[in-house]
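Got some structures for you, see below.
Each of the next two complexes has chain A plus one more chain, namely chain B in the first and chain C in the second.
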Partner chain A sequence: MPMTPAEPVSGVTAIPDGEGPPPGVGRLALPSRIKLQEYTLVVVVLALVVIGAILEPDTFPTADNLRAILTQASVVGVLAIGMTFVIATAGIDLSVGSVVAAAGIAGGLVVDSGAVAFVAAAIGFGLGLGLVNGTAIAYGKVVPFVATLAMLAIARGLALLMSDKSPISLLSSDGVRWFGTGEIVGVPVSIVIFAAIAIAGWILLNRTRYGRHVVAAGGNREAARIAGVPVRRVVFSVYCLSGLLAGLAAVLLSGRLASASPVAGELLELDAIGAAVIGGTSLAGGRATIVGTFLGVMVFAIMFNLLTQLDLATEWQQIVKGAIILGAVLIQRPERI
Partner chain B sequence: MSFRRQLIAGVAALAIVAAACSDDDDDGAGAGDETQADTGGDSSETGETVTIAASVPPTDHGWLGQIAAKAQEAADQWDDVEFRLVEAADADSQASQIQTLINEEPDALVVLPYDGEQLTPVAEQAMEAGIPVINVDRLFASPDAARATILGDNYEIGVKAAEFLAEQLDCEGNVVEIQGIAGISVTTDRTQGFADTIEELCGSGINIVAQQPADFLPDMGLEVMEAILQANDQIDAVYTHDDDMAEGVVAAIENAGREDEMILTGAGGSCAAFDRIESGGLYAATYLYSPTMAGSAVNMARLIAQGRGFSDLVEPEVPSQIVVPPTEVNQDTVEDLRDLCFD
Partner chain C sequence: MAPTTPVLEVRGLVKEYPGVRALAGVDFEVRPGEVHCLVGPNGAGKSTLIKCVSGAVEPTAGEIRMDGQPVTTGDPSRALERGVATIYQERDLVEDLTVAQSIFLGHERRRWGLLDRGRMRRETVEILRRLNHEAISPRTYVRDLRPAGQQVVSIARALSRHVRLLIMDEPSAILDDSEIETMFGVVRRLTAEGVGVIYISHRLDEIRRLGDRVTVLTDGRTVASGLPATTSADQLVELMVGRKVGQLYPERRRGNGTVVLEVRGVRRLPDVKHASFEVRSGEVLGIGGLVGAGRSELLRAIYGVDDREVGEVMVDGRRVPPGRPDRSIAAGLGLAPEDRKSQALLLDWNLIKNVTLADVGRFQRGLIRTRAERGAAEEQLRALGTVPADGSRIARELSGGNQQKVVLARWLLHQCRVLLLDEPTRGVDVATKAQLYRLIADLAGRGLGVVVVSSELEELCGFCTRILVMREGELVAEVDGAAATELELLRHAMPDTQEMLASGVPVPAGVAADEAQEEA
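What follows is the complex of A and B.
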């Protein structure tokens, strides 16, 4: 996987370091737990692949199917990267599914002006809604759960309002369709974008001061503030990032769907949160891992692909899905909490 | 239900659908003109002014949006109807809304319940208060909860789609079924009608290779179909439960470049589906589950409130149940039925 870090250590834990970390307190001081979780999740992914190859030997372990799985993972994947930053600050963003729908519709309204206008409007609208979330949470001191729950409703309402409740066809825009069906040197565009966002997210979280600030803001907020972390600005920024990535996810989804639907993206937030959490990012904040999130997204995507290929009845799919999630979390449980 | 009642219901349904058709049709197409003459008589004469209230679930799905629009349209054409429509977010709020409406004492109440079972008690309250309730689409649990009922036939959608695909495929091949929301009667009826009929017509000749729900949502339809396409090398037909959702299924098939391999049927009657059927190819047919039934319900409410019957029926009162058959829209009939599609 392209996002496997060059160094063995890829998680980040909260050690506030403002302008200068005290000597002896490295920013990677507690890596072992997250590393262990990532390795065990790799085992889960491999186990799913092996089971898939045994049950559906002709259609599951193929290059074509891998492309299909990664393409399907791209929408939730992009959202989950943003969600990882949000959760790292001990926040949550429940609005991303609705924002995907609203951003797609915003793009759809201007698609006659071209694909660039579509992309700009979708990402701009997503960013705008993220900005509202960030302002309410960082400066209005509204609890993230409540602020983004409100946005979940508002964004869905906006999507329905702006679209007059019916989908907008994008069939005529080859540029938008390119995001769903195009290829860059043989790799589907949506996979390239997902990979790029994942790598950028990893660098941002693990290799920049901003990333350390994000994790610090979610760990011990008071300590972070004393250490000089601009906590409020950091918290504000992660919701903007999440909104922006929801706009990008809308572009990827619309490209594949060849239309912008006001009812798109329902419950996507739960998949994004779920992927980040089974990946090892702590809902309590202060601990985040992009590699884990990527693996979490893959667990969901492979599971969906395999269960659908097996044509398991819905009721059993639900039970198996729940069991795999629970199992994945149990076997990667840290020895000490 | 006795045969006679079924006959009455059938005749009335036809009359109402035809009437709804001609109401929409200002250009006066041939078929419209004929039915105009038939339904002339008493029913359309202005009577005493009545107030009708309607309560519907949230109109965020294409079909439900049209339910509200068709009800409003029907009410707008009558000078003797004062009409009010309210939307409810869920079953609970719909129940309290209806309670409020009862206190306003309308002459008739049109209800498309969020859930038939849960809203039965409050509909019974309305009936006890002397307000006739017209039940649309989702059945109440008790016959005492409604004066009249108009509904589509979900089982029959499955039957007709199965008959169509059996003929198209010569009873041979692999079929995929993309269902609506799992565990609701709309979905189970559409699935059962299809399965029973395929079995009856073709035995094991047609193989249903995948059956997955996609919740009536286009993006879910896309994702589910993408995975099913991976799992099956040869798919000859796809039976979907909804036109909106089918848009996503179609996108998945076209993205994979496999649109020449199979044909697809929808359900509902969206104008987008009509367009695709007209242009031929993958999208072969859809089945009207027409939101015009809400318009018919308002017309029924008006006549019931005024104490009148349909002029085309001998009986002096509006029948208590009308089942609207799911008309098949295929390449041959799409042009004639164009007025019945919804956006």
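What follows is the complex of A and C.
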């Protein structure tokens, strides 16, 4: 029900206002586009769960399977949170998959010095590569697509070079394996970390000045600059954040596999981008949602789990994944009257 | 065809959008060779009307006839065939194309399936000559032209097809006075050839200078159709608003406070050669001049959006470092840039976030306290009489005047000391303009120093304390606001030669320059 338009408090005249959508129309638009997208995804997730429960009543709706799904989702999930920040600035980080591999190898090289060294090296290396991305993009003015495409190749090359092309076993380090097999009050460590990162990401994006600046830098760079947003520094920082989270993802992945492989993480960047995009974060920048990204990650993870249980080959999984991305983006298209 | 048959006849036109009647029965006609002006407040339905005529929008009911024939509605390509050409408010040229490429975009001349570039260039030269703008080279890139030059290209594009009816939506918004005169010349040439022109403008003085008849549109209805162009501005405003508007300009502020902004020898070549001036607390300082004189660039250099090469800027006696908008803001400067949509607002954000953008940190105690943020933002919006003051509305939905208030609210929230306003009333209807003038004067009354850059010399004379005139990158004159006349300002503003009016860049028509451009 349209409300009566507010009367101007001061000013000389009241005249019908608003070229474009005339008064009243905007008020009827209930949830914002991001909210709508999130509700849709919740429905999709629930639908997938129901379908799974019907098709595989014995194996799908179980606590163990839920753990498996979430554990599986944690690596992509951590990357997708970082990716959401990058995409919010109208950027892209194609390098995260390779950075995961390189960071894992960097950790593997020092794993003999203990799990702490492993974690520090992995995260530090990821951050370092992110810093290179950020410098090239924010200060070198290289287009994000190109800069991170270059890093995709470089990081993979570094991973192969540092590992002499063979995986490094981490079986000897209980500390590292704890990230894959350990539990905190009954919840797998990787799930706890993913949840913590998601919550921290939500707060950072929605409830801090930094988050506001990130979205402003992507929404309208010039306007943000004129309003005093340190746009370059903000853009630089999101690639550092993405690199750092890629390092963390490497820790989770290596912990689960008990090894660091130079070929790990291939195409993970596409899953992370896909999750953010179906969640409602706009590739054009200026619109970002952590809740959406989280739901996007869950859609992928549940679907992957379900299709695997249904013995559908990976080629089908790829096709379904692609269809979901396309479908989500079609829903997102701006409406035109 | 009898000469009295109107080029365009619109009868009972209705356009409904879900929940809203944008047009509620509009009658309108344009005769061959006449300039028919269309005026009305923002949201009156002017844009919808021309979209119906140009085929971009399908009307819900009503009839459109061209040269006596009923036309198929909702089909832009048929409208083009019938000779309807539209020049929109926003420049709609592809900046990376050359002039010739732009003019023939979509109906390129071809030979043997390949582009006939020679012919397109020749025809471009011909059309530009017809418009008396042969100084523009067909090989110049659109981005290198000044707004006036780009507009000439838009008109030329319209003329490259068969034209019966030319629709111009606020063509003067981006032009200064002398460029407008040039554009009028172009329009008069076309009407002499029998073309009908629909001319939409918020500048009522233009109606008398150019128009033959006026139609007033309010709330999707024609309140007065086909009035003579001699109708007084007061009468037109009354028709638009439905009642009498108070005085257009507020009382002139007398700045007698201390100096809040001091600009010393600022230079940023090629646009700003040298500028020094002071702004006192409580005064409204106008900066006038032709488009391209470097006024916007001067503001941007002072504020630090663009770096300055030399020169000092002091706010309250403290130096402000160059090239750092964040530091300028901290020092107490605020800039409302020329183009609200592309430079000031995040159109998809709500009003709260747009207002607090420069100042979010203030609400952050660990996390942003959203309730406090909303309260503070809405307080400023209300104080400025923004409609709606509801902070959860999306900036895109607001009219130009209200969007401008959102930008002002941002700087009031920040309690800035000096406001730099670049074309604050561009694209805003007369009644809202009056509101904005009053607001700006009120801000000065609160002790702010206000700098207003405007291409409308009349408004500068109307309410500024002092007026500086800028010409070719330098401040050439200072005039007391109360004594200033448009003519005097214009005389100071005019450069010695008229050539720069035609094209933006000093591109000589010489072949050498053309070749160099082609290679680049």
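General remarks:
Keep this in mind: the second predicted complex is superposed on the first by the 282 of 337 C-alpha atoms of A that agree within 3 Å, B and C clash if a C-alpha of one lies under 4 Å from a C-alpha of the other, contacts with A are read in each partner's own complex, and residues count from 1 in each chain.
By definition in this document, contacts are C-beta pairs under 8 Å (C-beta built on N, C-alpha and C of every residue); 3 or more make two chains touch, one makes a residue touch a chain.
Computed from a prediction, not measured in an experiment: that's the story for all the values here.
Contacts of A:A223 after superposition on the shared chain: chain C is touched, whereas chain B is not.
Once the two complexes are overlaid on the shared chain, A:R287 sits against chain C while remaining clear of chain B. In the superposition on chain A, A:Q309 makes contact with chain B only, not with chain C. By the touch criterion stated above, A:L158 is placed in contact with neither chain B nor chain C. Contacts of A:Q72 after superposition: chain B is touched, whereas chain C is not reached. Shared-chain residue A:L257: touches chain B; no touch with chain C. In the superposed model, A:R209 makes contact with chain C only, not with chain B. Within the superposed three-chain model, A:S169 lies in touch with chain B and out of touch with chain C [touch as defined at top]. In the superposition on chain A, none of the residues of chain A is touched both by chain B in one structure and by chain C in the other.
Contact residues of chain A toward chain C in the complex are 2, 5-6, 8-26, 28, 203, 207-209, 212-213, 215-216, 219-220, 222-230, 286-287, 337.
Residues 56, 59-60, 62, 64-65, 68, 71-72, 156, 160, 165-167, 169, 180-181, 253, 256-259, 261-266, 304-305, 308-311, 313-315 of chain A touch chain B in their complex.
Residues 59-62, 65, 182-183, 209-213, 215, 217-219, 222-224, 226-233, 244, 247-248, 251-252, 254-255, 272, 343 of chain B are the ones touching chain A in the complex. Across the complex, chain A is touched by residues 17-20, 22, 41-44, 47, 218-219, 240-241, 245-246, 303, 305, 325-326, 328-330, 335, 337, 342-349, 353, 357-358, 360-361, 364, 367-368, 370, 382-390, 393-394, 396-402, 410, 429, 431-432, 434-435, 438-439 of chain C.
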